[in-house]
Every structure is written in C-alpha cells, then in structure tokens.
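Take a look at the structures listed below.
Both complexes below contain chain A, partnered by chain B and then by chain C.
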Partner chain A sequence: MADQTVPAVGTAGPARRQSGFFARHSTWLLLAPGIVWMVLFLVVPLGMMVYVSFWTQTTFSISSDLTLQSWITFFSSETYFGALLRTLKIWIIVLALTFVIGYPTALFIGQFVRDKTVQTILLVTCVIPFWTSFLIRVLAWRPMLGLEGAINIVLLRLGIISEPIEVLLFTELSVVIGMVQIYVVFMVGPIAFMLARIDESLIEAARDLGASTWTIFRKIIFPLSLPGVVVGAIFVSVMVLGEFATASALSGRKVNLLGNIIVTQVGSLKWAFAAVIGVVLTVIMAIVIGGLLRVVNLRREL
Partner chain B sequence: MLELRRVTKAFAGVPAIDAVDLTIHDDEYLTLLGPSGSGKSTLLRLIAGLEVCDSGTISLDGEDITYSPTHLRNLGFVQQSYGLFPHMNVFDNVAFGLRHRTHNPIEDSSEVDRRVKAMLDLVGLSELGQRMVGQLSGGQKQRVSLARTLVTEPKVCLLDEPLGALDANLRERMTVELRKIREALGVTFMHVTGNEDEALAMGDRMIVLDHGRLLQVAPPDMVYREPDNVAVARFVNAYNILEGRVSDGAFLQDDARLPAAGAPDGKGYYAIRHDAATIHHGSEPPEGAVALPATFVTEEFLGSRFFYFLRLDDGTVFEVERHLSREDPIHLEAGTRCMVSWDPRNALHFGADGNRIGAPAMKGAA
Partner chain C sequence: MQNNGFLRTALGLYTALFIIFLYGPFVVMGILSFQAGPEGGPQFPIIEWSTYWYRHVFGLTPPSRVAPLPIGEALLRSLTLAFATMVVSTVLGTLTAQGFRRNFRGSGPVFYLVVLGMMVPGVLLGLGMALVADQLDIARTWWGTAFVLHVVYTFPFAFLVMLAIFNRFDKSVEEAAWALGVSPGRTFRKITFPMIFPGVLSAMLFAFTLSYDEFPRTLFTGGSEVTMPIAIYGTFAVEIHPNIFAFGVLTTLFSFALLSTYGILMAMSVRRAKFAAVQEDIE
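Right after this comes the complex of A and B.
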C-alpha cells in the first residue's frame, strides 16, 4: 500500500506545479468576468450619472464645469419635488394593493391547492398576460376605463349609476389600477413559492398542539412566507419606482412620475437634470431595498 | 382510557384500517408493530384526528371524539419528521402549544417559562433553549419534538416511528430515555414502529398490525413466545416457519414426519424459534428430538451470538441462533451436510387460516 502511494505523489508533483498559477488564483480568475462586467456596466455608469448631475446645464448646451444648480432646481421646484412625492405615494399604494390582492391569491395556490401540477398550471395562468406586449396591456385599460368604456357602459346598463364615472381614466386612480394589474403577479409568484415549500407536517403539528386555523396562519404560515413577501415587494418596488409608461399612457400625461420627468428631460437633451433625478431614484431604491431586506434575513431563509 | 370501536378507514376504496377494536389504558407504554403499508401510520393519524374515520367510534375517557377536530382532542402526536417550526428557537417551539392552544392557553409568561424549562430539563436540553432548530442534531430535534408535545400534557402521546431517523447508537439511548420520560410523567405512549426489536423492548403491551387488522395485542414476551398468528411469528423475526400439510397428527416436511398432535388435517404451518434449534455435525441429535437434514450456507457474527443459515432439502432457509454464553461457536464449510434438531415441545403449530393451534380466539377488546 505505502509502496504504491510514494511514486504516485512524485508523478502528481510536476503536474500540480504547472497548473500552480491557475490553482492559486482560481478564485480571482473565476470572479474576473463578473467583476469586469459589473464595473463596466454598473459602477462606471453610476459614477458617470453622479458626475453628470453636477455639470452645468444651459438651455442649448452642457459643460463639465461642476455646479449644484441642477440639484437646487430639483429640490426647489414645486413640479419636480411634487413628482418625487407623487412617485412615492403611488409606489406605496401599488405596493399595498399588490400585497392585499397577491397574498390571498398566493395563499390559495400555495396552500389550498396541494396538487403540484395544478399549482404549476395556476402559476402559469398568472403569467399568460405577459404573452402580449407591455404597451398593449397598458393601453387595453383605456377602452375599459374610459367615459364610454366597458366598465361605465356595464354599470350604466345595469342602472347602478346614472352618469358615467369620470375619475376612472386619465387620473392617478387609472395609473394605480393599471400598475396593480401589471405588477401583482410579481407579488404572487415569490409568495406562492414560499408557501408551497411549507411542510404539511408543520401545520399538522401546530394543529395537534391545539392551535386554531387563524393562530396557525399568524404564527406559522405568515412568518414562513415573509421572505416571499419581501422578494415580491422588492420586485414591485423596483419596477413601480422606475415606471413611466403606464403613467403616461393612462393619465394622459397629467400624472408625472420621476420616470416621466427623466424621459422628457432626456428628450430635450437636459442631461444634467435627468442625471439628478436618476441619482435621486437610485438612492430611493437603495433605501427601499435595504429597508425591506432588514425585515427578514433572506440569506438565512432561502 | 382511549377506546376504538370498529374503526374503519379506506383510501380510494382500498381499506387501510379494517374494523379495529382497541383499548388503550392510562399510564402504559404501548408499541404498535407492523410492516410498511400495514396501516399503522393511518391508525395513528385517525386517533390524532388528522384523518377522519369512515365508520366506527373513538372515545377518550368516555367522551366521543370521533369527529372532534385535532386541536381540541388533547392528544399529542410526535411526527416522524419532527415537524419543528424552523423560524423559532427551541424554547418557542416547546412553548407553542402552551401559548397558542385554543383551549386554555397560558397567558402568564412566567408560568410558560417555568413549564418549558422543566420539560427541557426532563428531555436533557436545558442548555439549548435559545438555539434555532436548524442548528440541532437529529437526536436533539427528536427531543424538542417530544418536549413540545409533552409540555401540553396530552392524555395520550402518539409517536410515529420516533427512532426511525436516528443512528443505531442514539436509538439505543433514546429507547431507555423514552421509557424514563414516560414513567416520570405517567402519560400513555403509543409508539409506532416497523422494527420488531424496538417493539419488543419498549412496550408494556404490544400490538401487531397487518393489512389494517390487529393480529395480536399482548405483552411483548407473550407475542414473542406465543404468537397468535403465523404472520405475527414472521414479524417478530425469530421463527423458522415451515409450510406444509398435516395428516394424522404429523406435519409432513419432505419425507420427514414432525409430530404435531392436535393439529387438524390439511394445510398448516410449523414454527420453531431460531434459538431453539441446534446444528449437529458429527454428533447425534439427542433422544426425543426432531431432526431434519440440511446444508450449511453461511454464518453471521453478531458479537454475543452467531446466526447460522442453512438450507433444508426442499429449499427452505433455516436459521439457527447460537449464544456464545451458552455454547462455543461451530465453524462449517459452505455446502457441508449436517442435521438441525429441536425439542418438538418447543414447536408451534398454525392452521390453514394462519391462527395458532391452541391460541385463544382473537378478541378485539384487549
């Protein structure tokens, strides 16, 4: 036995020395593509955005002389600061509604449907609207919500209302309706996934220990689904905070979110000002995601 | 006292539990032995209320609980997979039942504290109260699961293969400890297992279940020495069972006629315990013994004893157990011809229906 292992080490020695460089630096070599990618497409653009936000902007030109002017304009203007507040308001409302609508749906799919096949079918059904383009999904709300839209016609014919409801379209309400419909599925998915992973034996154990269904939900099912809620909330938040298309399509350009302002500023080549809003949005998202991740330790739960 | 009367349950038309009658006394250790698929887990889940029986009644201390929901039954159920709550620490897991039960929850946190600590002491986990359950070993999880159930002071504690997931060493320690814990609390344990040694070692009484029917309910030594049914003899895994015919008070095994006084003519089974038979090679069987020719196959060493495997001339495998405290081991070459013999008074006879000749008719209410 020992006689055989000694020469084996001898032959393996040189081979190992040849690959020494790769062996010793394998961690960094494997990380390199990722690092290069992130630096080129995340760190550098972010740095550029912050840098450009301090550039001097005049009506027709932009120069790299550093100034706080764009920042001052943003925070002192009723229009722009108001857009920030409106963005936050719509984000909170949409987040709350997607949770209120999404959680029961996920609960049904993840807990009440025990058949894995049916679960999959139901989740796929939730995604079917995504087979059409984003713009079509948004614009399809117009004939639904308009003054002579489907909802008003049905309600009028049923005699529930005598005048068509005007607030349905081209208001904040229509923006909220559109966004909730589009983003609710991003809440349902992660929550349903976490709920489906809850072992049936936990629920049986809790029941056997004397807990009622409501107690089991509060103490077992909901806490265990919380990581799914957080992931869903992050998805919805990131998408809603950067939204501009739904707002412009369903509000008739009356509801301006930060995203819409970026679009118009870039359209009129006001790069410095657009960069200011970009930085503000990025900071808000970082705070929101950081805050949500504090709610639950995702690394431990997933 | 927990009583089952003609409890029946079928899944998709296939009977899992078939008209089971059973009485579980207060303060006893009951083991339930059955092969997988015998319905033993179903029986446990029916008692716990996790399944509803198709017919029959279950009553606890005279009160009918057949259809009462699980959380109002006051029976404890320790699951094979433990079912610990992964988002809570050990203390909160154990305190769950006391804090959150529907009936008579304990609001006073110092009282919860006192009871949970006492229970953790009893199961030997007093140091681990703040650990998350993910950081526990299998044996510790088992204890947490047991403590969590016992702290609610159930009338009967149902244990579904509680030692199944533990390694052999731990398994032996837990057998002793389970009995100790049970005696300290005076609560009835009903312990389901597929392992005959466990069932024999732990129970004050033992139930043998197969195909959803109770085959025998008796103290373990009775089940071991006098199995009521040939299937029970098979499950305790201590008998050589010969299949053949009886005629004129003799069991016909190939050319040999084994005395079987009292057995009715027709198909029958003849059983002899592994440790009641001896091997003869170069010596004659003693006077009055029954002997059959056999071929040596192999041996298995188990520390304090040897198992010898032989083949009878009709192909039946025959096992002989030899305790080294009583006899020295023998060593034979595979293929050696020898004789196996035993005292015919040690043999058991079973009729065509599998029931032991001379056994009392199986009464459900044991």
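Right after this comes the complex of A and C.
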C-alpha cells in the first residue's frame, strides 16, 4: 500500500492517468490510514466509555454485567449532580465573559486597525502567552490572586481597599478569572478574523445613506461577525466543559467540576462512575455544539 | 465606523488593558522567578533578587527541602513524544488532505470524523482509552496509548492546515509539468513540495506544540513514566515553589526559539521558491 500512496502524495497526476479501478480508489487509499487511526483510537474509546457506563461497579471491582446502577447513583447523588450544575454555571459565566471581554478587542483589531501588519502584530501579541505551558499559566494566577498577591498589593497601595480581598483565591471566582484569561483569546481570534473580512464599501454605503454608527454595528457589523462568535463559542465551550486543571489549581480542590470528578473516580478505579460522567459530558457537549451550529450555518459562512 | 475618533481611542485603550490582562500573570511569574531561595516562597514581596531558582531547575544548588523538578527524563520524553506525534500527524494530515483534493461521496462524514479528534475534550478521550487499555490488558505508556491519542488530537490540525494549502494550490502548474514530460518524482521535488512546504511546516509546528503541552489525554494513558506537563501537574497537589516559575520562563524562551526557527525556515522557503522560479525561467 505504501508503494501506491507515497507517490500519490505530491503527484495526483499519475494516479489520475491510470483509468478505472485504481484511480477511483486512490482517494480511499489516501484516506484509509487516517480513517483507520481515528476509528481505532477515537471512536472505539468513546464507544467503550458508553458501554462501560452500564457495567456493574462494586467497591473493589467492576464486572461487565449490564446495569443502570451507576446512572441512578449519579443522578441521585448530591455531589455528582451538584458538580453537573456547577460545571454548567461556570461554563455559562466563562462563555459570557469571554464574549463580553473579547468582542471589543476583536472589534478594534478587525475593524479599526486597517493596516494588515499591525493587525497581525496585535493578534500575535495575544497568542504569545500560549507559548508558556498551560499548567504554568494557570499556576501563575496564584501569586496574582492570593491574600498577599499582586492584585491585593496594588489595590492596597492605591488605597482603593483597606483590607486584602479574600475571595480572590481558592474560590469559584478565581476559577472563573483563570479560565477567562486562558480562553478569551479563542474568542478574539475568530471574531477578529470575520470582522476583518467585512467589505468596507458596505459600511461606507450605509454611512452615505445616513446610518448612525450604532445602526451600522447592529445591522451590518454584528450579524457579519456572528460566525466568528459561534466558532469562538464552540472553542471555549469544548475546553471549559472538559476542564479540571484550572479548577484544581485555583480552587484548592474546593470547586469540583465534572472533569475533576472523572479524575478522582479514575484515581480510585471507579471506571463505571467515571464513564457515566464522561457520557453526561459528551451529551452536554453535543447539545451545546449542535445548538450553536443552528445559530449560523458554518459550512456556508466560512 | 473606523472614522469615529472617540470610539477608536476608547477601543484602543481597552485593547491595551486587555493585553495587560493577558500578560499580567505572566509578568508576575517572571518577577517571582527571581525570588531568593530556598526560603523565598512564590509570593510577594521579593526578599532578595537572585537566580537561585534557575540554578535549582538545573540542579546546581545544594540540596534543600525543595525537591528538584523531575524534569530531566520527563523533558526528554515530552520532546520525543512531540517529535513522533509531529511526524505521524503531519504525514496522516497530508495524505488525508490529498485525498480530499477530489470530491468523493462520503466526504462529509470523513471530514467530521477527523475534525472530531480536536473537538472531543481530552479528559473524555483519555478516559475512553484508559478503559480500552484496561480491558485489553494493554500497558498504559507514554509511547503507546498516550502517543496514539496525541496523534488523534493533532492530526485534525495538520489536516485542516494542509486542506487550506491544497485549496489555494494551483493544480495547473503540476499539470503543466507532467504535460512537459517532467517525471513525477522531479515534479514533486521541484513543484509540489516547494508549494506545500509552508503548510507542512505550519502543520508540524501545530502538532509539535500541541503534543508538547498536552496534558488531559496523557494523564490517564501515560502510565507511570511521566511527561513534562504531568510532572508539573504533580506539583499542584503539594506546595508550589518559585522553581516552577523559573522553569516556566525557561520553557517560554525555548518556545520562542522554536517559533523563531519556524519563522526563519518559512522566510527561507519563500525566498527559495522565488529563486527556484527564476532558475526555472533561465533553464
């Protein structure tokens, strides 16, 4: 197979010149390695997760007798169900904040900076923090937020507060702050990209016809940037819903998201419970992405 | 809209604040990495400026109560893993994107199957793979179960990059070469490869950095021999020390070196492409 696919990589021509059977199937030969890899290592593990969620879990072992017990435990347990609600709450807050905080920046980069070089420099500036390990970036919030952290020190020096703010670290707030800072760029990028593509003459025409800045934003700029918002929202949602590291680093393990519970369950070899939570997370994710994709038709817009 | 001076200034100021917000923790990390050691903690005030924690990272300090970061082997593993992931996912991405150059029935499902790999949260994929390994009695190792998941994660990125490159690729140049009787091998070397090279480089860069920093997938499937991110995650549980910040600064510098290499290679490839075009004219 290697002999057939390798020359075809760069030179579709010879393959095309051979008529009939091979030419028709060369596409599938090229695709086969990728498809096989994804089926074996992506579809099978996810299928396995769904299957295991129906297995019988006892304290010390797991057997493949099918049961709904783990599911019943999940939905009747205060801890697990609470974690589900907390995950959804933090996801909504982070999603809303990344949008509200990110949009003005995207607007500036995409619409007000017309020089392509400056645009690129600004976007690269936003991306540079990503060159530090994700986990270290999360840890770097600790000296920022703590009782003797940078924010409290600055606010105290400025005389804005007289007592250090305690709620900054090891609370849900610190988790939200950390996540917003880490993920907001995924919102800025796609929106700025869509905004930069808007045909300038459209806006000029609107202005010539007497439209106010606000009307132009509402009727032209915002609707045209919507695909970017949706792509950004999908990025942020996927990452926040599956999060556990930020929560465990910045909440002192006090805020448990679904991801954290999966980690704990796997640690204590409770595979069936972990699988149930995994399936719940997958379903939430599917609903969220499906819902977002209904807002705009991405395949048509991009 | 961009003529509105007030709005422009306001948004510009906002963007400046936004960038400070992005860099804030980063700067604090940089400052605290010069904390005095070993008694200085990861918080203000700075007791005394020193490079103690940098020497600590490299194991050049006398033993103290702060255990050295287990970076030596972990770093080597992470780099090996990132390199292998980079090679495999770039090859898979290029092959698949090449397959997509022609329309075929079933392209939709195949496209989504591949893209699913970057959409599924790492913790789910790691869990699924751990379950499979557990059932089949496969040992979980960083070069086995973790490696295949890294490729599942990075292959879609490589695929999308190559797809974008092939979409903008002018097929008629290739066809002209064949029509003129240039051998397929020579066509690939002289025409196709120089044209897709920037894409290949970007795909490699994506795959390498994503894999190097990958963590939720590796956590469940990496086994007992830890990679770099897992080693850092291990420090979450215990007290953190400024050595982790010093290490963060060092890795960032390493990343910059990598990015610069990429930039230089990219610039060289563009120049060579121009040069080659001129050469072909003369020939």
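Definition applied: the second predicted complex is superposed on the first by the 269 of 302 C-alpha atoms of A that agree within 3 Å, B and C clash if a C-alpha of one lies under 4 Å from a C-alpha of the other, contacts with A are read in each partner's own complex, and residues count from 1 in each chain.
Here is the rule we use: a residue touches a chain if its C-beta (ideal position, glycine included) is under 8 Å from a C-beta of that chain, and two chains touch if they have at least 3 such contacts.
Remember, predicted model here, so these are calculated numbers, not experimental data.
S.K.: Please name the chain, chain B or chain C, that touches the greater number of residues in chain A.
M.R.: C
S.K.: Quick one: is A:T27 in contact with chain B, with chain C, with both, or with neither? Answer first, second, both or neither.
M.R.: second
S.K.: Quick one: is A:L281 in contact with chain B, with chain C, with both, or with neither? Answer first, second, both or neither.
M.R.: After superposition on chain A, A:L281 lies in contact with chain C alone.
S.K.: After lining up the shared chain so the two structures overlap, which partner does A:S201 touch, if you call chain B first and chain C second: first, second, both or neither?
M.R.: first
S.K.: Once the structures are superposed on A, label A:G259 by its partner contacts, choosing first (chain B), second (chain C), both or neither.
M.R.: second
S.K.: Going by the contact rule set out at the top, does A:V100 touch chain B (first), chain C (second), both, or neither?
M.R.: So A:V100 meets neither chain B nor chain C here.
S.K.: Based on the A-chain superposition described above, do chain B and chain C contact any of the same residues on chain A, and if so which?
M.R.: none
S.K.: Using the touch definition from the top, list the residues of chain A that touch chain B in their complex.
M.R.: For this pair, the touching residues of chain A are 199, 201-202, 204-212, 215, 219-220, 223-224.
S.K.: Mind listing the chain B positions that touch chain A in their complex?
M.R.: Result: residues 48-50, 69-72, 74-77, 79, 81-87, 96-97, 100-103, 105, 145, 148-149, 152 of chain B touch chain A.
S.K.: Inside the complex, what are the residues of chain C that reach chain A?
M.R.: Within the complex, chain C touches chain A at residues 1-2, 4, 7-8, 11-12, 14-15, 18-19, 21-26, 28-29, 32, 42-44, 92-96, 98-102, 104, 110, 113-114, 116-117, 119-125, 127-132, 134-135, 148-149, 151-152, 155, 159, 171, 174-175, 178, 184-185, 187-188, 192-193, 196, 209, 213, 215-216, 219-220, 228-229, 232-233, 235-236, 240, 244-245, 247-248, 251-252, 255-256, 259.
S.K.: Considering only the defined contacts, which chain A positions touch chain C in the complex?
M.R.: Listed in rising order, the residues of chain A that touch chain C are 5, 7-14, 27-28, 30-31, 33-35, 37-49, 52, 101, 104-105, 107-109, 111-112, 114, 122, 125-126, 129, 131-137, 139-144, 146, 148-150, 153, 181, 184-185, 203, 213, 216-217, 221, 234, 238-239, 241-242, 244-245, 248-249, 259, 262-263, 266, 271, 274-275, 278, 281-282, 285, 289.
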